[in-house]
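Next, two complexes with chain A in common: one pairs it with chain B, the other with chain C.
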Partner chain A sequence: MLKVAINRGMSAAVLIVIASIFSFIIIAAFPGNVAALIAELRGGFVTHDVVAKVAEDYGLNDPLPVRYFAWVGDVLQGDFGHSLRTGEDVSAAIVKRLQATFILIAGGITVTLIVGVTLGFLGAMWPNGTVDRIVRVIAVVCVSVPKFFMAAMLILAFGVMMNLLPTFGFRGPLSWILPSIAVGIVPGALLSRIARVALEEAMSRPYVVTAKSKGFGRRRIIFRDALPNIVPVCLTAVGMDIAFITQSSLIIEPIFSWQGVGAYFVEAARFRDLPVLQSCLLLFSVFFIIVNLSVDLIVMTVDPLQRRAARA
Partner chain B sequence: MKDMHDMNTSLLEVANLSVTLHTAKTSVQPVDNVSYSVKAGEVLAIVGESGSGKTIMNMAPLGLLPAGVDSEMSGSVRFEGQDLLSAGNGKLRQVRGGEIGVIFQDPLSALNPVRRIGRQIAEISERHLGLTTKQAEKKVAELLALVGLPDPLSRMQQFPHELSGGMRQRVGIAMSLAGEPKLLIADEPTTALDVTVQAQIVELLKDLQKRLRMAIVVITHDFGVVSGMANKVAVMYAGRLSELGSVDDVLLDPVHPYTRGLLKSVPSLDSEIGSEFIGLPGHPPDLSRRIDGCPFAPRCFAALESCREHRPPLLPVPHSAAARVVACPVVLNSHAEAV
Partner chain C sequence: MKDFISTLRAVGWPINLLIAFFIFITLFGSFITPYDPNAQDLMSALQSFSTRHWLGTDNLGRDTLSRLISGAQTTLVGVTIILAMAGTVGMVLGTISGFFGRWVDEVIMRLVDFGLSVPSLFVALAIVGVFGPSYWNMIIALSIAWVPIYARLTRGVVKAAVNQPHIESLRVLGASRTRIIVHHLIPVALGQVLIYASADAGLLALAIANLSFLGLGVQPPLAEWGQMLVSGMPYLQEAPRLVILPGVALTLMVVGFNLFGESIALAKNPRPLSKRKLALRRQLFMKEKAA
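Coming up: the complex of A and B.
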């Protein structure tokens, strides 16, 4: 068990290194002359000499590996550089914005779980009944609608027409509701389908016939026999959903004018603010890798079958 | 609980049972007008090749068919006088596990892979005997010891995949006993096991049957199991009963051509090394089609033209125990002459 955990941890570390290389190269390989851009942002009259000086100052003329290791060295010391546009310290800026993003992810996962578990259950309780069919339709609609459209419709319905909830800004729990729904409903609908299908599969297993032969009813068999068997599948799905929601924050935060990491990234992309982009990308990748690692480890402790595989 | 019914009345009385299964594509009738009975403390073996309807015949009346299989039943299955086919769901749930215990063929898939063995057994005693968690756990330890599992207390904490096949089947047996049933239905309890373990499980079941004085219906295609533990044997072919009688009568003096063929195909220790395997020619009929005559006629050495037209009735064998019936008038006639 411990050995497997260490193994997984090591491969996660390797993944993080690879992710850092990609974060760096993708951004550094952006088309366009970055030095010219920086010079322009600083204002003043941009000449070839000025651009050359900027390139020299920022080390943009060095070969890529040299620049990569310089960057990694700084990052390891907690120095994510400064924004090219505002000159602000990137790590401080990110820390300031973490709260909003964290709340969006937490809220989104809460909505995902509520929607997924409720719909999944309703479907499983009365399989192929009216409820199940309605749930299926809702799930397909939710999955098919683009996130920005969903957000706009939510704002229209709850903010404008019913005037129930704040439509923008990060001002207390009430203002968290709409964005959480906007990011959580799609993965929630997906999760309900995954849970529903897994439950149906579990209910067709021979151990369910055994449970019936013991004299138990359907409801109890779902809870005691089938449900424990689908926990690993659902946990893995939730791990993927966290990644999905993190990615959604890029779209949802700007729509609701939240000062989160996602919005910061989008803003930086518009101005080709390299240090900010690289840092955010790295942060997202590391977060995703860690979430996946944790899910794997949790599933391993929860699922007795995997525990055996881990020991072997 | 045993003295409620004396040894002469039937515990299980199956009369004219037919089962039709409907799937999306076709309907098949794996059980066709079968009647038999099991007395308290008796062991009935139901023998027949794969697909002869043995398992369906026993599981369908209890509502234990796999999910998605739609069944239609006629006739009656009386357990202690009560018809299970017309019984409500609540009554059936009480019977399952409490009055009738079931042992399944493959103990690995029949046990829940993510639940501890102790819990899986204890919940039955809690449900049917009204025991508390503590009492039930004590009972589980006793049951596991009874079925010959060493170190029951630590076994209870284990998961099914941590046991060997034979141990798993012992757990399956303990499970079937946890509600103190009067009747056990054992569906090919040794088929999924190693040959060496098979004999141990048969011994165990025989021993338990004697000690707990239960009735057992054992479904098998292994004559070793039949002679090892049964008093009575019912031979099935294509969903119909072809021969029914005491084990001694049927095994030593088989009458029905199918039973004879089956017994001949069992390799014997006495036969010469390298001697040819004698199997039955042909293959079993398609049960989704109506069979008017004797279903075995196409493979039968004694078949007459009339065999294909009229369904042979179950007739008593002359000069034999009253309970012995055979569905083959052709052979019965010559049998009577020979005796």
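Coming up: the complex of A and C.
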């Protein structure tokens, strides 16, 4: 078990190194003269001398490997450089924005679990009944609805028409509700589907037939025999949902004007704010790699089958 | 061709009709738009549904119906180009990786692992951010973001096929590597990639809309649903149709593609079937036999 965990950790570390190289290369591939861009953004009269001085200041004349290792060294010390647009310290700005993003992810996961468990449960209790069918249709439609459209409809319904909830800004728990719903509903519907399909499959396994022939009731079979067997599948799905919700933060945060990391990333992409872009991409990549790794490890501790497969 | 028709039959006509409708609009949309989608007419801005403008006009007086049709073209053409590019590159990488194995495989698959662990929207956004927002940069960014999926898929197929007896006998018969790859491995992989691509089209349509919504994809004045929606947001209170119509259009298209891909995947790779699906399959089979 420990050996497998270390192995997984190693491959995650390799992925993180690739992530850092990718984040670095993408900026190095910037078409045109970065020094000229920086000089322009700083304002003032741009001459060759100014551009040359900027290039010297930022170490842009060094060979790529030297620049890469210098950058990694800075990042490891928590120095992500300064924003080209506002000149503020990127790491400070990101720390300031983490709260909103974490609340969005936490709220989104809460909504996901509520929706997923409720719908999945309703479907599983009466398989192929009316409820199950309605849930299936809702799930298919939900998966296809664009996130921003969902958010716009929520704003229209709860903000504009009913005037119930704040639709703008990050101001207290009431303003957290709509964004959480907007990011959580789609993964919730997906989760319920995955749980349903897994349950259906588990119910056709031999051990369920055995339980049935022993004369156990349906509820007991579902809760004692089938449900524990779909836990690993559901955990993996929740892990994917975290990635999905984080991805949604890119779109939902700007709509609700939250000052989160996702909004920061989008803003940076809009203004070609290279250091911010690079730092956010690296942070998000590392976050996803770590989430994947933890889900893998958790599933492995929960599921004896996986453990055995990993050992073999 | 027969195969194609039987697949379509397995999908079911409502979905086929929906997809056919969008494809028709894409091909012939420019002939049926009642107005030029980009023609501004400020005198008749923000009009509601009428006989002159069936679906009303937006804040610049552009005809919404025409813009919706033109948006379908933008999206579908974009999706097609991206799928073709990502599919081709992914298949090449996957075949190389699966066929040659060893360190080539290791390197390519590590890159693919990274690409798969980070959601595609992040990668695409970063690329667009560096190269600047434009239609073609968006296409390139999304293609790059989608390559890993196809590379992984192709590699799996190729790896499974390479060790099979018929490929081995080809080697014994003296077929060259190129011949094996081009004539015997790629066709197998192509089928899988096409199945997967049909399921992916919906996701790609969403991704294009997402980027355009953020102002980093399709640039105005070219009509695109996500971008129409975002420009309608300020008028949410007085003219919610400017937001609702493009959203509904996009949802319909994505629902269509998702169901289409799902049923094709179901029809093409038979999995251990549940009782319900088994019964359905039997029914279909009986129908075919009777016909």
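A few points about this structure:
Basically, the second predicted complex is superposed on the first by the 308 of 312 C-alpha atoms of A that agree within 3 Å, B and C clash if a C-alpha of one lies under 4 Å from a C-alpha of the other, contacts with A are read in each partner's own complex, and residues count from 1 in each chain.
Methods note: a residue touches a chain if its C-beta (ideal position, glycine included) is under 8 Å from a C-beta of that chain, and two chains touch if they have at least 3 such contacts.
All values derive from a computational prediction rather than experimental measurement.
Within the superposed three-chain model, A:L164 lies out of touch with both chain B and chain C [touch as defined at top]. For chain A, the partner touching the most residues, choosing from chain B and chain C, is C. Of the two partner chains placed by superposition, only chain C is touched by A:L156; chain B is not. Of the two partner chains, neither chain B nor chain C is touched by A:L98. Contacts of A:V137 after superposition: neither chain B nor chain C is touched. Of the two partner chains placed by the overlay, only chain C lies in contact with A:A29; chain B stays clear of it.
Once chain A of one complex is fitted onto chain A of the other, the partner contacts of A:F288 are limited to chain C, with no touch recorded for chain B.
In the superposed model, A:S204 makes contact with both chain B and chain C.
By the touch criterion defined above, A:V14 lies against chain C but remains apart from chain B after alignment on the C-alpha atoms of chain A.
When the two structures are aligned on the shared chain, A:L250 is found in touch with chain C, with no touch to chain B. 204 are the residues of chain A that lie in the contact sets of both chain B and chain C, per the superposition on chain A. Taken together, the chain C residues at the contact with chain A in this complex read 110-111, 113-114, 117-119, 121-122, 125-133, 202, 206, 209-210, 213-216, 226, 229-230, 233, 236-237, 240, 243-244, 247, 250-251, 254-255, 258-259, 272, 274-276.
On the side of chain A, the complex with chain C involves touching residues 11, 14-15, 18-19, 22-23, 26-27, 29-31, 128, 140-141, 143-149, 152-153, 155-156, 160, 200-201, 204, 243-244, 246-247, 250-251, 254, 265-266, 268-270, 272, 274, 277, 281, 284-285, 288-289, 292.
Note for the complex: chain B touches chain A at residues 62-68, 89, 93-98, 101-102, 104, 106, 109-115, 123-124, 127-128, 159, 161-162, 175, 178-179. Considering their complex, residues 203-217, 224-225, 228-229, 231, 303-305, 308 of chain A touch chain B.
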